[in-house]
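What follows is chain A paired twice: with chain B in the first complex and chain C in the second.
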Partner chain A sequence: MNEEQTSIPIGKLMRAENSQFVAGCRVRELETPALGALVKVTLEDQSQIYGLITNILINDDSLVRQLVSGVSIPTEYTADNRYNRNLPVEIHVLTVGYAQNGQISHRLPPRPPLSLDVLHLCNSNELCHFTSLNEQAYLRHILRLLDQPVEELLAAHLRQAKAAHEDASDPTWYPLACQKLITLLRDDYQRLTTVLDVLTELERE
Partner chain B sequence: MPLNYASVDKNASQYAQQAQDWLLECKKIAGQLNTLYDEAVSDPERLRQMIELVQESKSNLYLAKPLQEDPLRSYPAPTLPDNYTLLSADGSQIVPNRHRALQFGLINVGILTVSFGSGQPPEMKLVSELLDHKDIIDEDNNLASEDDIALLRDMRERTLIRDQITPQLTRPILTVTDGPLDIFYRSDIQDKKRAQTAQRQVYQLDQQLQQEGILSAGYIDKPGSSMLHSMLEIYKEVGVEPKQEADKRRISDRLLLGTRIKPGERSAVFEIISKQRNNPLNRLRVAFFYLNVSTVEDHPWLARVEIPYWISQQQELVGLIHAVLFADAQVLDSHPYPYSLHRAHELAVVKQAEYEEIENLLLAKFPEGSEITGYRSNKDFLKGLK
Partner chain C sequence: MEDHNLLSQNPTIGYVISGGLEANLNVRLTVPPQEVQEGAFVIIDSNHWRFYGLVTDLRLTAIDEQYAIQLNSQRFAPHLAEYLNKQTLFTDLAVMPVLMKDNGPDITSPEYPAWRLENTDDPAPMPVKTIPNHHAPVKLADQADIADIFGEEDNKTIFRVGSTREQGHPVCLNLDKFVQRSSGIFGTTGSGKSFLARMILAGLIHADHASTLIFDMHNEYGPDTTSSDTGNAVFGLKGKFTNKVRLVGLGAGTKFGNMPSDFNLEISHSDITTEDVLQLTQILNLKETSATTLDKLENDFHENWFNEFMKMNVGGVVENEDGKMEPAPDSVAFWARQAGIHPGAAEALRSKLGRLFNRPYLIDAPASNGLKAIITALQDKRHVVLSFGKYDSELDYLLVTNLITRKIRDAWEQSTEDFHSGKSKVEPRPLVVVVEEAHKLLNREMASQTIFSTIAREMRKYYVTLLIIDQRPSQIYDEVMSQLGTRISGSLGDEDDINAVLSGLPGRGGLRGMLAKLQPKEEVLMLGWGVPMPIPIRSRRYDQQFWIDIFGEERKPKTKEEILKALGMSNDPD
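Then we have the complex of A and B:
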């Protein structure tokens, strides 16, 4: 069984640019994607674009706004709005690398994925493989995010990656990732302090 | 410029004053009618006899006739059952337009089946039906009118909702459509026989539903009919009062009953006496009640709920329909209207972009240069310019 078969489809591309993209999925499909998870899109030429989920957005519309003000909503109607109505959940993804001809790079891809390309959740093997390459260079993409809770995203991602590497008997990955972050943030003391705070919390778990 | 606002504004104040004066006048007449209503319905048996007398002599009638319940009372809703099924259907249509390159008609019906007590999301069904060419152009080459297509849509709503009923559905089962329960004659229907046939079909459908014990109702939001006023006219006409010229201004039942029905409660059930020359003999007998879907004392909001006559003869079934529709309307509480009907409408509504897509899909089926497709009228083309 190849990796494509074991990774889980979680949505389809709505819009994209080189550095980020947005996929849509139905609420029923929302059980698998999580903040900080590594995802990928396979393009027509079989190259792959990797990203981290940075935000999951639940959309509304005028009917939902009307229902919110209601006194009580039957369970069946809550389910109707969640599962039947055409309101896609938006999954925002930060591009962190790509693979071409079997070679993974932590740079941005030459072109973005196309609309309706399928977004897959990477399995543990892929997560371990992608995150251990290039001295974890992909982490720099997370640190360039603006107007987002970068520390929370880091915590969510590192927690998942740390668990995957530990399960694969690689306890060295997490200290190396922390070292990488310290190096990347060495000139931004304030941010480094916040990130270290999050990492400390993560280690206490 | 879309409008000459200055010109509209010039007459706006005058218009507002006219509208307020009209409403005050209507309320004044409603006040007088209220006194007459109290008097007329205090002896419902006598009023029924008066109406039956007129039924025999007049060929055109559209009025209310009190049944066994006391018309002076407001009736509270009984407790809802824990489990029941609500099926709601609503349709929209594309009416053939001679200005377009191709004339075609389409009916789109949305049906929502809600199994209350199951916790499961409702089942949705959408039926999009391209009408046959013979349905849009008659033998005399007349293009079907808005009313002709609406008649077909109403029929499809009723047959499709019937088709959704399976033995697996939890009972009791209530089917609801938007608008009057009977398919009445629309003024512009070209084929009167078709309308009569439709009325007969509605009757037969109801007969089946009755045999299976399935309830049905038509929900009319903000109704404008004045069946009670017409009933009071008969009382005046046949009654002991000295003959007076009937007031031509019609007062809606909504205005007349507005303060009589408490929030969440309903009026007594009346029968609709609808008589026209071309009515088929086998026609659905319909009753109705007004339902105050508001929960606020000083802001009543009456909807008319039409039910088959056979249901009106069983008070617990009337109560069940009352309770189900009131609960469903409360889901959208600041604008109470049955949620399931709103969703059926949301499923069915055809937008302009979809109209154009279907038109393009059809045009693509014709050979290139086919004469039947023709061109859009110049008027329609220019209207489309942005």
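Then we have the complex of A and C:
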């Protein structure tokens, strides 16, 4: 059983650029993707593009707007609107690296993925492998985000990755990741202390 | 040539981040600050240059002041706080670069032969003229580095005076260089100044490249004494260098406990000049007219002026033919009238000199010429400790030191001139005159009158230098202080004293703090022309071990059996 088989498909690409892309999925398929999860798209040439889910967006349409403004909505209307509508749930992905000829890099890929390429959720092994390379250099891509709650995204990602590494008997990954984040953010006092506040909160849960 | 690229045995403690020659170098410390102390001697390797510097300050810094202000360990999880502190809070060292040395390219590199052709001499340290690169690694100097700069102890000229405070590596003083210019040993009472002076004097006598004349005001250096702090026996120089040291007592009958003096010094009246008396103007409270009176006395009686003046009485009158009272022929007033001097001024001088006339060691015709004996001993490569015994007043000290030193100046000037003119083929023996309580002789008022300021300024070319031992360097005349080549100072509390010790030296700002924080009895700062760079050290102990190091393993007294056996008279049946 190869890794492709264990990775779970969670959507198809709608639009993309080198640094980020958006996939769509049905609401029924929305149980597995989560904020901060590592995902990948395999291209035709078998190279792969890795990314982190930074946002999951449920768009409205005119029918939803009408229903929302109605006095009461019958349950079957709600279910129909949610599961049968033609508007996909948008999964926003931040590109954090790519693999070519089996070599993983934490830089941006030469080309973005194409529309309708399948987005897969990476399994634990892939997560551990990708995140422990290059002294966790991929974390710098997260800090690029401007209009996102970066600290929440980091907390969500680190929690998942920490659990995966600990399951794989590697307790050293998380401290190293924290040190990497401090190195990357130490010139921005406000941002770093907010991130450390969130990580402290996470650890005290 | 020594091993070239010189990997220091010590680990890196930091790296250069900024700075310059004027403003010192800033070094980011990568080890806990407690591993480095102010005054630490560090080396910085940059390309093929090695820089030698002194840590003059340690400062806590932060990437952003806010990281330092908040208590990170309370706000964040402990390990996060630890990582954060490690990456955002630092200690920076201020390093004063002092020397640098071009070690050339690596001995195995292709550039090396060309470099060696251009630089045939082994590299020697020189004063800094440039700075190391950014991020050049900084290490504590190891034993070889310190020996490179301060020399390797040879139990003679290169004399160990202490060790570095961090790692205890030996630090030496080149005694030949030390005696080439006047020097000073300073420190407050209880700072270990006397032990330090004894130790250095022992080193000088042992090296035997210069004679020493020690004016031992408090009878500390010649005979064995007892430490006022510990009650332990302290060896004197006479006991340890029996043949090399002449112990001289001032006045007849001066003794040193059980130790007899080699000879006693009595000064003939004819050896006292009016210049000697003028140097006592302040202490005898002489008036401005005294100079004229003394001048006249010398004119009239030449070298016997002191004796003749002493014989005159004050107020003696006789009745003349007219029945009037007039000064008696042996009176001061009588002589004054003849000499055209105001009798009142002459009588006042006579009464003030009364304090000199009754000094028991000033006599008309001494049995032996002690002054000459001292000078001869010094010329014969001996060392003289002149003990003042019971005559330890300021007046005695000023008079005798001035008088002897003037004689010495004359003798050494003469022998130097003879040597330079070819009259004599023997180069004059270098001489160090050791003066305790130097501020009494070299304060602002006295310095112009005493012989010592002349020695400090000019006598180097006549092979005579001073070694000043004092607790109040600020009281010593600035011009004299600025002439001191080597300064070795124990702890000094007073700001003025600290400034005085540092006067005329570069990098005073950094050294000031170092001097103020020396540990009494333990640490001293060596600085000045005579040492390649300033360095605070833990001073060597003046104890039994010191003498074992100097003379080798102490010989145990032989037992009676061993002596008999050596004589072939053993009772042993074998």
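By definition in this document, the second predicted complex is superposed on the first by the 205 of 205 C-alpha atoms of A that agree within 3 Å, B and C clash if a C-alpha of one lies under 4 Å from a C-alpha of the other, contacts with A are read in each partner's own complex, and residues count from 1 in each chain.
By definition in this document, a contact is a pair of C-beta atoms (placed from the backbone, for glycine too) under 8 Å apart; a residue touches a chain by one contact, two chains touch by 3 or more.
Predicted model only: the values in this text are computed from it and were never measured.
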{"item": "Chain C versus chain B on the shared chain A, clash or fit after superposition", "value": "fit"}
{"item": "Touched partner set for A:Arg186, first chain B, second chain C, both or neither", "value": "second"}
{"item": "Touching partner for A:Asn59 - first (chain B), second (chain C), both, neither", "value": "neither"}
{"item": "Touching partner for A:Tyr83 - first (chain B), second (chain C), both, neither", "value": "first"}
{"item": "Chain B versus chain C as contact partner of A:Leu199, first or second or both or neither", "value": "second"}
{"item": "Touching partner for A:Thr75 - first (chain B), second (chain C), both, neither", "value": "first"}
{"item": "Partner chain in contact with A:Pro175 - chain B first, chain C second, else both or neither", "value": "second"}
{"item": "Chain B and chain C, minimum CA distance [Å, superposed model]", "value": "47"}
{"item": "Chain C residues within the chain A interface of the complex", "value": "63-64, 66-67, 75-77, 79-80, 83-84, 87-88"}
{"item": "Chain C-facing residues of chain A, complex", "value": "175, 178-179, 182-183, 186-187, 189, 192-193, 196-197, 199-200, 203-204"}
{"item": "In the complex, chain B residues that touch chain A", "value": "112, 114-116, 118-122, 124, 330-335, 339, 342-343, 346"}
{"item": "Touching residues (chain side chain A, partner chain B) in the complex", "value": "63, 66-67, 69-77, 79-80, 82-84"}
